[in-house]
């Protein structure tokens, strides 16, 4: 199901094409995934979201692979199927192996479990953590 | 507020002390944080949870620092104050710098944003991601 | 996939038909969407849920369009595909334009982002907000 | 509890002060709330987040009060205490009355309820909504 | 912190007092907890919410203790501190022992973990479950 | 969509087969559902998760049916379609009737609603609940 019309490059306005071009250049690919084609219905949000992601996901104190794995961890926690699929692909492309994916899932699962144990037992924060 | 009574080492049963000893040995510290003292009310869950965490957080395909940062990312997404405080401390201990923390938060924030944009625009998963 | 059997009007009991009639009358339509046909398996919940929604979504201090957009915002935050699709349709029917939908999504995305930044940075509530 | 050090205006770098000044000018106030003082530890995120919020919350197809109420709705759904407190205050400032707040909460509560009924009953999306 | 003014019995209108009286009678207590005193600012929501809860939590196909434990499970999953505290108290009053609480928490923790493993591994629903 | 390859019994390693055999023996069935076939890509997580679930879901202070219904409640709250489908089936097998399912859903829906009312009204926890 896709209620939002996807804007293909051929049908895109110059401002949308400029973002598509930048996405493809930054990723060294010749295609744009559906997320951006849906956002393109709102060129302002398309531009702002892409500029933010490009800034945030660039190499810095954390490497791009770590960032993509964190993105997968959040998307899994939120049950966002689209984002799980797309960022899993992006993490693979950046070098995530099967073994890394398995350990990532184990940590995400465990964190979701202990988050609830901490809440359910109403654990007070230790002074040392404040 | 702390509804759950915290079990101190001095008052703990031998089976609980054994877990506390193992936690302190594994972490090379001389104290145990409140999460475990609360779980100690249920020695079976205490044991199982600690054994799972010990296995999952050990060095493997992912290093312990990356794992702790993923733990923080999940805890922040779930708004679990206790876990944010404790795993932030753990990540710091393993080498997370201010710069790394800032980038981690930026990725977590962005992922939570685009998870909703993908859902709200009802974006269909690209065939290439299946 | 639909595990829950949908109760069609022709097969419905008089008490379920009464709710269906009221839904169609209130909405000025000649059909009932699947949510209600699923709930009809439990006539008590069907009746209570419909009465609550009818009361809550009626014009009041907030107009019905604003209420439907808030409904979409919550459903997107919760990743509920059914509710996103149905309340998006309801909001459109009440006058939500493309431009309004785009701005709504931008706000929802941003709120989900800053909710996590506030949690991750463990920001203390300002005295002025208490 | 506030692990993150808050950066006061007097201690802020010129680039941080420039953002603070812009926030105060845009809001016609003479103070900056803790969220920004915490983000100021990362001037890049401070700048990007403020620029995004300024763009998104500006009057457009939706008026600023509606946007603030949507922000409250998301924050309540996510149980983010800081954001509930701060955006409730912002919505009040923009004209949200008690009656509007009460109706807003009623809609948010109801949406969270029916989001789960739709999921639990595994309701299939109606063809008319696709 | 409590932004919402709590309406005490002495200051309540007759319609609010009628709900308070009904709550105390149904619960065989002589006090009303803060949740209701906050909702009393909106008598319509107070009445509707109480009538719904009274209907839903009454003995039926599920006994009241099981219902209270399910309430705790949901509140823990959502990280709602108020609801964890109040429904934990209610479950205790209805007979939840320490052992039952511990097993409840173990199930809630595990479910939150496997919910993410299922999402992260993108597991397709078995035909037998459809 | 199923990105993760499912490991069938015929193709499984001895260590994976041992877990499958134990699952089938414990459940008195001759098949294994997709969740485990996906986890089997990571035999360590497969083994740990199964051992944990076997321990947690065994009869104890809470009976297995209550535990399965709590599992459904959490899965519905988290919008995890796979887990809703599989644990609903498991609860049915353990004796959950239509009437029980309907009441379960009513409680889950209500809890999700009041969780947000408590948060939105910023209700302070009663001293009696501390």
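Just so it is clear, A, B, C, D, E and F label the chains in written order, and each chain counts residues from 1 on its own.
Rule of thumb we're sticking to: contacts are C-beta pairs under 8 Å (C-beta built on N, C-alpha and C of every residue); 3 or more make two chains touch, one makes a residue touch a chain.
Quantities reported herein were computed from a predicted structural model and do not represent experimental measurements.
Peer 1: Given the pairs B-F, C-F or B-E, which one repeats the contacts seen at A-D for over half of the pairs?
Peer 2: Checked against A-D: the matching pair is B-F.
Peer 1: Going by average Cα coordinates, which chain is farthest removed from chain A?
Peer 2: That would be chain E.
Peer 1: Among the chains, which one keeps its Cα centre farthest from the Cα centre of chain B?
Peer 2: When every chain centre is compared against chain B, the largest gap points to C.
Peer 1: Check the residue numbers that chain B and chain C use where they touch, and answer same if over half are used by both copies, otherwise different.
Peer 2: Same-residue interface.
Peer 1: Mind checking the centre-to-centre distance between chain B and chain D? Centres are C-alpha means, answer in whole Å.
Peer 2: 27
Peer 1: Need the CA-centroid distance for the pair chain C / chain E, whole Å please.
Peer 2: 21
Peer 1: Which residues belonging to chain D are in contact with no fewer than two other chains?
Peer 2: Expected reply: 1, 3, 41, 44-45, 49, 52, 77-81, 85, 88, 102, 104-106, 108-110, 112-115, 117, 119, 121-122, 125, 129-130.
Peer 1: Can you tell me, using the touch rule above, whether these chains form a line, ring, star, complete graph or other shape?
Peer 2: Shape = complete; every chain linked to every other.
Peer 1: Report the residues of chain D in contact with chain A in the complex, numbered from low to high.
Peer 2: 1, 3, 44, 48, 52, 55, 125, 129-130
Peer 1: Could you pull out which chain C residues touch chain B in their complex?
Peer 2: It comes out as residues 72, 76-77, 79, 81, 84-85, 88, 104-105, 108-110, 112-117, 119-122.
Peer 1: Enumerate the contact residues on chain F facing chain A in the complex.
Peer 2: Within the complex, chain F contacts chain A at residues 1, 3, 41-42, 44-45, 49, 78-80.
Peer 1: Going by the contact rule set out above, which residues of chain B touch chain A in the complex?
Peer 2: Chain B residues touching chain A: 1-4, 6, 31, 33-35, 38-39, 41, 45, 49, 52-53, 56-57, 60-62, 66-67, 69-71, 73-75, 77-78, 80-83, 85-89, 97, 99-100, 102-104, 106-108, 110-115, 117-119, 121-126, 128-130.
Peer 1: Could you pull out which chain C residues touch chain A in their complex?
Peer 2: Interface residues on the chain C side: 79, 81, 85, 88, 98, 102, 105-106, 109.
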